[in-house]
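Here chain A shows up in two complexes: once beside chain B, once beside chain C.
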Partner chain A sequence: MTVANPNFVEEVKKSNEFNASACMNCGVCSAVCPMGIELLPRKLFRYVLLGFKDKVLENKETIYSCLLCRMCEANCPAKVHIAENVRLLRYYLNKNVFRV
Partner chain B sequence: MSDRRIGVYICHCGGNISDYVNVDKVKEAVQDEPGVVVAKTSMFTCSDAGQQDIIRDIKEQNLDGLVVASCSPKLHLHTFRDVAKRAGLNPYQYTQVNIREQCSWTHTDDHEGATEKAIRLVRAGINRTNLTEPLHSIKINTVPKVLIIGAGIAGLRAAIGLNDIGIAVYLAEKEQEPGGWVAGFGKMYPHGRNGKEIINQLVNEVKKRDSITLFTQAEVIDKTGSVGDFRVKIRVRDQEEIALHVGAIITATGFNAYKPHEDEYGYGMDGVVTLAEFKKLLDKSEGKIIRQGKEIKNVVYVYCVGSRQGDEAEDGNRYCSRYCCNAAVHSSIQALEKNPQVHQYHLFRDMRTYGKFELLLNDALKRGSIFLKFDENEPPQITKGANGTLNVTVKDLLTFGEEVEIEADLVVLATGMVPKENQKLVDILKLPVGRDRFFNEIHPKLRPVETVVDGVYICGTCQGPKNSAESVASALAAVSQSAAILKKGYVELEPLIAMVNREACTWCGECETACPYTAISKEQVQGKEVAKIHEALCKGCGGCIPICPNHALDLKGYTDGQMKAMIDGLLKEKF
Partner chain C sequence: MPLPIGDTIGILADNLKIRKSVLPISAKNATKWAEGLDLPKGGETVLYTGMMYQLIPYIEAMNKAQEKIEDTRIVDLIKYGRIVNKAVNLTDFMARPSKELRDSFDKMLANIAKLLQKAGVEFGSLYEDDLYSGALVYDLGMDDILEEHARKVYAVFKKYQVKNVITVDPHTTNMLRSVYPKFIRDYDLNVRSYMEVLVEKNIQPKNQLDMELVLHDSCVYARYENVLSQQRTLLQNAGITLKEPVDSGTFTLCCGGPAESLFPKKARESACKRVDQLKAVCSKGATMCPICLVNLHKATQGEIELQDISDYLVKAYL
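Up next, the complex of A and B:
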């Protein structure tokens, strides 16, 4: 059981515009990912939207293993800015977790 | 032997029939049947040339009966009745024999058997035609007035629509004020106009017009007569009874909101409300949404409450209520407009923001509403939380079954539509009620506002869940359908109805009880009580005929004599 936290997404958003609302859970992003990243972008973004901060922090490694190649973004039918969202999450982690 | 002059036409249907049925053999087998003077085969009987050939034969050979063995009467009964009419032959002297759908198409593997069956069927048709008599459609003059029951958005709009075409309207509303549900609505999608404003506009228009009479606190207590010529009694304010004479009746009695039962998604707990209750709260909120002195910051919506219920719910509502997804999403946008800080979680089974309402959903998503999908077998649980909040737990399928706990100030149940309890009206108007307990149309696509009771129409949500725009569209459909019969000035009904042999009838009343259309009553003829068939009410269903202990009833066009003759025709050859 994870508690929804409406403030987390606001925290992430503060850095810039995080937007994954348009995601319809189709899975194209995962299918085209050259890294075969285990944590699917759609799942990661749901964690952010629902405010599962702990789950996001647990997946730091994955967030940094993304190549930012934008293969997913180019193929996303809902035009979610996936790579941009990942970049924003890194920015959040850099600032709030690694304090750099 | 027969003194009839019957023409028989056996159709190839371009091979649809003749590929499997030997049509020449059929012709040979029936051409010497009693009464037959012409027997032919034809490549396409329904073609212009085919029709002309029949017309020529009827005129030149002086035919007084016609049999076409071709497709289903559903397709071409009226085509060939019309052929008969154009040739000067009474259209009810025509019999259509179906040797396509019920013979060639079903017996493609047995040509001989199909041919033999076709012969039997055609012979039966000839035997029936030997006993036909000229019949004439029943003509009823219509009264150019309509009674509309229910003055919600559908009833009001229908009243104005009918009046625009010059038809007088009586509008009967059960409540104290006209307007129905929409009168209680705030901003509506997509124009943002207030429901109350829209209703006021309609009511003002209705009041302006001399030939629309609005009765409030009115109920229908009696109806007699038939299409084009109804006598209706209404009771107003529990006292005055008013007799109305109208040509058609439109039922626009609307719906009830589904009321969750105790404990359904925590209903009954403080902070769990229905969508209608939430909309009221929103409408009176300025800026922050305050309920009982407390600011509402986190809202959880639960969708499909009272709709799409599974088999486990006895008498459950299996249908989708159609309006609730749109209404709940719309409300969430309204809430954000009042207070952009409010957090909203939508727990849905499937989102059905069909058509242009998709834009609403996109808008809600963009503004940060979060949508969580739950499985119907694992519905969200709602319990009391700390500090007067509510704890909502749900397994979110969109996060791969993750269990989510949400702390909510308010839980909004998106409740569906249920049919109104209207048993009295159903009994009086004989309205057809479906398994879902809404009123039923004759044909969902082609005759969507007509009922099996001629001259009685349905529109709006009494027929099933609709939004207000759809209700108005169906109201205007009812306007055009009722006006079509009333503006013509008369209606013509099929003469294939029951008839009474007064000598044989001893009036026992059995037929009156058996008749589902109240078309049979008692009358005195030369001092004798006999059954009387009300021509305009009888549908020719035949339900009364086998009931009669004295065999005093018969069905025109399908008499016992004709039926026996057909059976004899079918069984002429041994098996």
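Up next, the complex of A and C:
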């Protein structure tokens, strides 16, 4: 069972740059990702918005595998700040999981 | 077993905080490129390396060590390495690049300086005060440590009364032009890459190279800093016929380099995909980022000759 934490997105949101809610789940980002990361970013962002913290924490390696190359952003019809959102997730994990 | 994310990031962040660079190298090795150029120290305009080219041989040597231990039980020891590294700079022991490789990257920097001189630009260097920008730590999400470091770097620019910064690589360009202003109020440096400056100065070629070349655009120049036309103008004016790979310009394919510090094998797989695209259109290629150059080079297997763009520009413009 997945536990939803409605405050999770506020914990991750360091600034207004986290605009994952603009994602309309079209899948272009996953299709063009050079790392072939199917999870990033649409499913991952949905986990954050739904408060599925455990699901996010299960996918730490994927979050750090992102190249921040912005190929997804260049193709995103909703203008989601994908790379910055991923970076903010890393900031959250560094602080709250890895304690660095 | 993959490299431990937290401890690896911790070592890089500790290095930046304690030693002002993710991979600390000696001032002698960091400034060797400027020998014989007679550049003044400081000034209104400076050529700023951000130590990227100088660090690449050390990054390559470190990555070779990382690739050997990735997926072995030795990675368990990295947590102890982080403790030791706080007192002793482990880079000195783990990353020992060849003199030949160091010299080749130093030469690229000297070439860039000579091109700017040829274009009539007056500039100085900050020598041992030319610090790493913190790009990798920022990418890994260590914003607090980056902010502290950015303030140190900015203070150096202010100390030398610098107004214009000429950068040599996309990552330093992005950090100084687009990231630092988010952290520093009243940030007022004018930052441009050397390729932008050369085009603005309308540098004219001395020789026509009459050759074909495939261009690998850097993701950061293409999608973060919109530096896309300058490299093409400089190469085409030099008589080079540019060949574009399947993914090019705004839609350039990443070299995989950003994954290198945590996932060396994934970085190599990405490099192989990109090299396949490049060699499909030409047997000679140019990069404009030292990280792209070193990462793609691992995947070439002698099937394509890749060089930094400055190597070609020097042949045409000097």
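Note that the second predicted complex is superposed on the first by the 93 of 100 C-alpha atoms of A that agree within 3 Å, B and C clash if a C-alpha of one lies under 4 Å from a C-alpha of the other, contacts with A are read in each partner's own complex, and residues count from 1 in each chain.
One rule holds in what follows: contacts are C-beta pairs under 8 Å (C-beta built on N, C-alpha and C of every residue); 3 or more make two chains touch, one makes a residue touch a chain.
Since this is a predicted model, take the numbers as computed values, not measurements.
Trainee: Clash or fit: what happens to chain B and chain C when chain A is overlaid?
Mentor: Once chain A is superposed (C-alpha atoms), there is room for both chain B and chain C without a clash.
Trainee: Could you tell me if A:Y91 is touching chain B, chain C, both of them or neither one (first, second, both, neither)?
Mentor: The answer is second: A:Y91 touches chain C but not chain B.
Trainee: Which of the two partners, first being chain B and second being chain C, lies in contact with A:V100: first, second, both, or neither?
Mentor: In the superposed model, A:V100 contacts chain C only, not chain B.
Trainee: More residues of chain A are touched by which partner: chain B or chain C?
Mentor: C
Trainee: For A:A74 in the superposed arrangement: first (chain B), second (chain C), both or neither?
Mentor: second
Trainee: Which holds for A:T2: it touches chain B only (first), chain C only (second), both, or neither?
Mentor: The answer is first: A:T2 touches chain B but not chain C.
Trainee: Quick check on the superposed pair: does A:K43 touch chain B, chain C, both, or neither? Answer first, second, both or neither.
Mentor: Touch status of A:K43: first partner only.
Trainee: Which angle, as a multiple of 10 degrees, do chain B and chain C span at the CA centre of chain A?
Mentor: For this superposition the angle at chain A equals 130 degrees.
Trainee: Just to be sure I read the superposition right, which of the two partners does A:S65 touch: chain B = first, chain C = second, or both, or neither?
Mentor: Only chain C is touched by A:S65; chain B is not.
Trainee: Have a look at where A:N25 lands relative to chain B and chain C in the superposition and call it first, second, both or neither.
Mentor: A:N25 sits against chain B, while chain C stays out of touch.
Trainee: So if I take every C-alpha atom in chain B and every one in chain C after superposing, what is the smallest distance between them in Å?
Mentor: Least C-alpha distance: 22 Å.
Trainee: Touching chain B in one complex and chain C in the other: list those residues of chain A.
Mentor: No residue of chain A touches both chain B and chain C.
Trainee: For chain B, which residues count as touching chain A in their complex?
Mentor: 298, 343, 345, 362, 365-366, 368-370, 372, 393, 396, 398-400, 402-407
Trainee: Can you list the chain A residues touching chain B in their complex?
Mentor: Those residues of chain A that touch chain B are 1-4, 6, 9, 21-22, 25, 43, 46-47, 49-50, 52.
Trainee: Under the touch definition given earlier, write down the residues of chain A that touch chain C in their complex.
Mentor: 14, 34-35, 60-61, 64-65, 67-71, 73-75, 87-94, 97-100
Trainee: Considering only the defined contacts, which chain C positions touch chain A in the complex?
Mentor: Within the complex, chain C touches chain A at residues 2, 5-6, 9-10, 13, 138-143, 219, 223-224, 250-251, 253-254, 256-259, 262-263, 266, 270, 273.
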